[in-house]
Amino acid sequence: MPLRVGIIGTGAIGRDHSRRINNVLTGAHVSAVNDVNVEQAQKAVDDLDLKAEVFANGHELIQSNAVDAVLVTSWGPTHEEFVLSAIAAGKPVFCEKPLATTAEGCKRIVDAEIATGKRLVQVGFMRPYDSGYQLLKNALTIGEIGDPLMVHCAHRNPEVPESYVTPMAIQDTLIHELDVLRWLLDDDYVSAQVIYPRRTRFTHSKLADPQIVLLETKRGIRIDVEVFVNCKYGYDIQCSVVGELGVLNLPEPQSLLVRKEASLATNILTDWKQRFIKAYDVELQEFINGCLNSSITGPSAWDGYAASVASDACVEAQETGAIIPISMADKPSFYS
Amino acid sequence: MPLRVGIIGTGAIGRDHSRRINNVLTGAHVSAVNDVNVEQAQKAVDDLDLKAEVFANGHELIQSNAVDAVLVTSWGPTHEEFVLSAIAAGKPVFCEKPLATTAEGCKRIVDAEIATGKRLVQVGFMRPYDSGYQLLKNALTIGEIGDPLMVHCAHRNPEVPESYVTPMAIQDTLIHELDVLRWLLDDDYVSAQVIYPRRTRFTHSKLADPQIVLLETKRGIRIDVEVFVNCKYGYDIQCSVVGELGVLNLPEPQSLLVRKEASLATNILTDWKQRFIKAYDVELQEFINGCLNSSITGPSAWDGYAASVASDACVEAQETGAIIPISMADKPSFYS
Amino acid sequence: MPLRVGIIGTGAIGRDHSRRINNVLTGAHVSAVNDVNVEQAQKAVDDLDLKAEVFANGHELIQSNAVDAVLVTSWGPTHEEFVLSAIAAGKPVFCEKPLATTAEGCKRIVDAEIATGKRLVQVGFMRPYDSGYQLLKNALTIGEIGDPLMVHCAHRNPEVPESYVTPMAIQDTLIHELDVLRWLLDDDYVSAQVIYPRRTRFTHSKLADPQIVLLETKRGIRIDVEVFVNCKYGYDIQCSVVGELGVLNLPEPQSLLVRKEASLATNILTDWKQRFIKAYDVELQEFINGCLNSSITGPSAWDGYAASVASDACVEAQETGAIIPISMADKPSFYS
Amino acid sequence: MPLRVGIIGTGAIGRDHSRRINNVLTGAHVSAVNDVNVEQAQKAVDDLDLKAEVFANGHELIQSNAVDAVLVTSWGPTHEEFVLSAIAAGKPVFCEKPLATTAEGCKRIVDAEIATGKRLVQVGFMRPYDSGYQLLKNALTIGEIGDPLMVHCAHRNPEVPESYVTPMAIQDTLIHELDVLRWLLDDDYVSAQVIYPRRTRFTHSKLADPQIVLLETKRGIRIDVEVFVNCKYGYDIQCSVVGELGVLNLPEPQSLLVRKEASLATNILTDWKQRFIKAYDVELQEFINGCLNSSITGPSAWDGYAASVASDACVEAQETGAIIPISMADKPSFYS
C-alpha cells in the first residue's frame, strides 16, 4: 500500500514536494493538503491534478484517517505546532527547516518525540543527500585522508533581495553548512566567531556582506565558512576538508567543458534551486521509505535542535565580535 | 493503475531491471517473469520478492492478461522473435540491445511495427539518457559551437575476457557510440574505415586492440572513435565535439578532487556498470511513462536497425581494411 | 669569450632572435647582420642598439672573421644556399624552418654536413624545447604508460589570412607536429592519409579547413592530427599519448583559474607567438651552448630532411585522398 | 661591461646563486666569494669553476675594487651587518631573507639606505617574480574581479625537521605570504590572529601544526592562511582572491595530466626548491639589470621591514591567542 501523505503549506516548496511525491518518487501519493489560504490549497490540487482532500485546518489534516504521514512546508513560525501535533498523533512528519524558530522550540519537539519512544520526525536538511557530500563522507569514513583537521567552505549566492539582512546570513544561509558539517564530521560545535571583511559595493546598509564564520568542534577541528551572498558570479558551494594525509574537495556540479572565445570553461550555476535538486528527491524518498519501514533515519529533531543552537551562537558572534562558546545538553541515547 | 510488466530473461540485467521497476522507478511493477531456465526465473521471483507469475514460455507471458508491457532481456539471438511476438500482441516492448542479430532481423521488426500504425518498441540504448550526453545535445541544439564538424571519441575498458574477439569491438562496444552519435548529431553514417594501431601487449591473438574507427556522416562530419578494451587504467568514455566556434567535451563522472601522495586527482571508474547507472533508471522510467501515456518516445526500432547496419559495415571495414560505404533505406516518415 | 653571431635576415624573427641573444640569453652577442634589404638591416641595428656590422651580402657575413656562428632567418627559398655556405665555411649555423624548400635540398645539406665530419646545423624546431613536451618525453622515456600505441593531436589557430591555402596546413602548420612527434616517439613515419571533414563556414574556397591527418610509424603507432586553422576560439595545441598502461596529456599553458559571470574558466591563448615563447629562448640558448662547447645537439639537418619527406607525403595525401607510403633512406650513423 | 658580483656565504643558496649568475643569467659574473669557513668558499670556487677571488672577510669583499654588487647569502644573524656595510660602500646589495633578525635591524637598514639618497637594497623575496603570482597581480590591477575583499591561502609542506618549532611557522614559512600578499594587494596589515586546529599526529610536541593565521589589511581585506608543514602529500601553495565580481586562483604548477590506475591526475611537487625555481632566476636577473641601470626595483628594505613587523605581530598572536594590532611608521616617500 502506498503511503498517503498530507501536506501542510502549499507554497512553492509544498507544491514542489507534491509533484515530487506523485510523479518522481515511489511508494507514496499526496492524499490531503492544507494551507492557511484555502483557495491556494485548492488551486494546488487543481494545478497538480492531485487526488487529495483539501483541509481547512492543519491539525484536522494530521488527524485524518486518510493521512499516514505529514509534510510541514508552511510558514516557519507555524512549524513547531504542526510537528508537535503530528507527534501527538503518532504520525511520522517531515518538516522543512527551521524545525522551530527557537532552540527551545526545537527542544520541545525533541522531548515530545523521545516521550513517544520512537523516531517520528525528519528535518528537511537536504545536503547530506547530495551525492557530492556523500562522496566526501564516505572518503572520510574510510580514512582516506586520516583525521580531518580543518574545513574550508564557501557559500556564495549571486545576489539577495533587499529584505535579506545581516543575521539571515546565518539563519537562512549558513544553517545548511551548520547541519551538513556536523553530519560530515560527526562532531559538534564548541565555539563561533564572525569576521567582517571589507564590504562589497553590491550590498546595502543592513547587510554586512561578505562574512567569514569561524567554528571550532569538540574534536578541535577548525572550520571557516565564507558567506558571500552578493558575489555576482554564481551560486557556488565549496567545501574542502584538510586531513592528516590529504585534502578532499567537494565536486563541482556536472558541466560540459567548453573551449570557446579564448576560454576553457565549465558553467557555474546561478539558480540555487538547481544545485541540490536531486538531493531533494533522495531525502524525500528516504522519508517515504522510512515511513513504510517504520524506521525514520534522516536528519532528526536533535539535528534540528543542534543546528538551531549553533545558529543562535553565530548570530551572537555577529553582534558582539567575540568568540562565543556553544554548549548543548548531551545527545540523548535515543538519537544514537 | 500501475503498469504491469512482464520480463523475459532473468539473467543479470533482467534481475537488475526488475529491482529498478519495483524499487526505484514509479508507475510500474513486475507482474510476470520468464526464463529459458524456469528455475532461475523462480529464483529471481524469490530473491527479489516479486509478486510475479512465472511463465515457462515467453510467448505465453506476452499473451497474458496480467502483462501490459514486455521487457526482453533474454539471450540476444532470441530478441527478434519475442519483440515480433509483442508487436503481434499489440503490447509495448522494451528490448535490450541487440534488437536483432542481423540488420534484416531489425528491418523485419521495423516493418512489423509500422504495420501496426503505432510505436511499440523501445531499444535499450541508454546513452542518450545520460545527463552528460544530454548536456552535449542541448549545447549543440542551441548552436553553442555552431555546426559540428568533427567528433573525437574514446571507449576504453580496463580489460575484457578471452572470449572477446576482434569483431566484438564493434558489436559489443562501438555499438553504443554508433547509437549515441547518430542521436547526438541527428545524422546518419555514410562510410566506415578501421585502422589498427600497434597492439597492446595485454591483448591476445584473436583480438586486435586497440582499434580506431573512422566514420563519415551525411553532412560530412568526421568521427574518430578509439576503441581500446584492455587499456588497464579504467572504464573511460570520452566524447569531444568540434564545431565552427568551439569544442564541447562530455563531462567526466562526478568525483572528489583529492590531494594526496603527491597527486591532485579525481577517480576514474573501473566498473562499466557504474558509468551509466542513472541513465538506466531514466531510460526505463521513460519507457514506463511512454506505456502509460500510449506514446513510446525512446530509441526506436529504426534506431536499432540503423545501428545494426552501421555495425555490419564497421565489421566489414575491420576485415577488409577498406573504406566501406554505408547505405540504408530512407527513414520512414513513421519514425520522424 | 662570448660567441659572435651573424644574422642573415632581419625580418620579425631575425629581430626577435637578435633581442633574445643580446638581452635574454647568455654567452653570445650579435656581431653582424645582413638582409636582402640593406636599409632594413641597418634599421634593425639602430632600433635594437646592436654593436653589429651590416653586411650587404650574406655569404660575406658568413666568411667574416667577426662571425663565429650564423643564424639564417631570411626568406625560406634562400635557406639552403646560406646553410650550405656556412657548412662550407666550417661555421655552426642555426636555420629557421624550412631547412630547404625540398627534401632534395635538405638531403644536400645532410650530405654536406656529413662530409665535414661534424655537426654544424641546428634547425629551428622549437617544440622539443617546450617544457610541456619535455614532460611528455620524460614520462614516455621512463615508461610511465608503457609502450605508446596512439597519439591524438590538434593544432588549432583562431584564423589565417586569405593567402593561406590547403597545402599550407601541412607545410606551415602540421610541420611542427611532424617534427615534434618524431622526436617524442623516437620513431619515423611510414604512411600518411588526409581526411576532409565538413568545412567550417569561416574558410574560403582555396582552403579545406579543418583537415585530419593520419600517420603511421615504423613501430605501428597511429597518430591523428586535427589541423583546424579557422577554429575561432584560440590558438590551441593538444597532444594526448595513449599507451599500454595509461594516457598522457600535454599540459595546458599556465593560466589563472577564474570564477566569474557564471563560468569557471582558464584562458586560452589567441596569439601563437605566446604559446612557445619560452621554447624559443631555450632552443637558441642550446645552440649557443653547442657552439661554445663544439657540440651541436638540437634538431639536426636529418630531422629537417625527415620532416620535409613526411610533409611532401602528406601533401600528396591531400591531393590524392590515398594512403601514401613514406620512405626515407636509412638514418646515417652520423646522426645517431 | 658585465656586473662583477661578490657573494658572502657559500652555503647551498650561495652556490646556487653563483651557478645562476654564471651559467643562466646574463650581464654578470661572480668575481669574489667569502664564507665564514674559508675552505668552503675555496671549495665553491673549485666546484663551480668560478673565476673569483676568495676573501677571508666579508667586509673586505664589499670594499674590493673587483666587486660591483654584493649578494648576502650568509647565516641570517649576519645579514644586517653586511647589508649596512654594502650601503656604506655605496654598492647595491641583494640580501636573502631575513633582511635582519629584528624589525629594528630592518629599520636601521631602511634609515641607512634613505640616507644615501638612492635605492641600493633588494631583499630576496622571490614570490612576486613567480609567473603565477604575476598573473594574479595583473588581473587585480586591471580590475578583473573588482575590489578584492578576501584572500584564502594555504602553505603546505610535506614535512619539516624536528628542529622546526611553532614560531618558525611564521618566521620561516608565513613570511613569504606576508611579503607577497602586501605586494599583491598593495596594502598593509593592521591586525593578526592565530588559530590552532586539532594537531596532526605527524607533528611533535614543540610544533603546533597546522595553524591558521588571520590577517586584516588597512583597506579591510581579510586574509586567512593555513600553514600546514607536515601535510604529507606535497609542497602546495594556494592563493585564492575573492573580489566583488569573482574569484581568482593562483595556477597550479605545470604538470602532465595522466590517466592511469583508475586515476585522472596531475602531479603535486614535493620539493619546495622546484616550486619557485624560475622565480629565483627572474628576481636575480632583475637585480643584475637594476645594478647595470642604476635603478634597483625589486622588493625593498622597506618591504623587508614591513614583513618583519608583521611577522613579529603574528608570533605574538601565536603566543597570546589574541588579536594583535600591527602598526608601522608611515611609508617613507623614498620608497614610493
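Letters A, B, C and D mark the chains as written, and numbering starts fresh at 1 in each.
As a convention for this text, a residue touches a chain if its C-beta (ideal position, glycine included) is under 8 Å from a C-beta of that chain, and two chains touch if they have at least 3 such contacts.
Because the structure is a prediction, the values reported are computed rather than measured.
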| item | value |
| --- | --- |
| Between A-B and A-C, the pair joined by more C-beta contacts | A-B |
| Distance-maximising chain from chain A - centres being C-alpha averages | C |
| Centroid spacing, where centroids are CA-atom means, of chain B and chain C in whole angstrom | 45 |
| Mean-CA-position distance for chain C and chain A (Å) | 59 |
| Distance from chain B to chain A - Cα centre to Cα centre, in angstrom | 38 |
| Chain B: positions in contact with at least two other chains | 232-233, 245-247, 255, 259-261, 266 |
| In the complex with chain D, residue positions of chain A that touch it | 146-147, 149-150, 152, 195-202, 210, 212, 214, 219-222, 224, 226, 228, 231-233, 242, 244-247 |
| List of chain A residues in touch with chain C within their complex | 232-234, 236, 252, 255, 259-270 |
| Chain C contact footprint on chain D (complex, rising order) | 23-26, 131-132, 135-136, 139, 144-145, 245-251, 254-261, 266 |
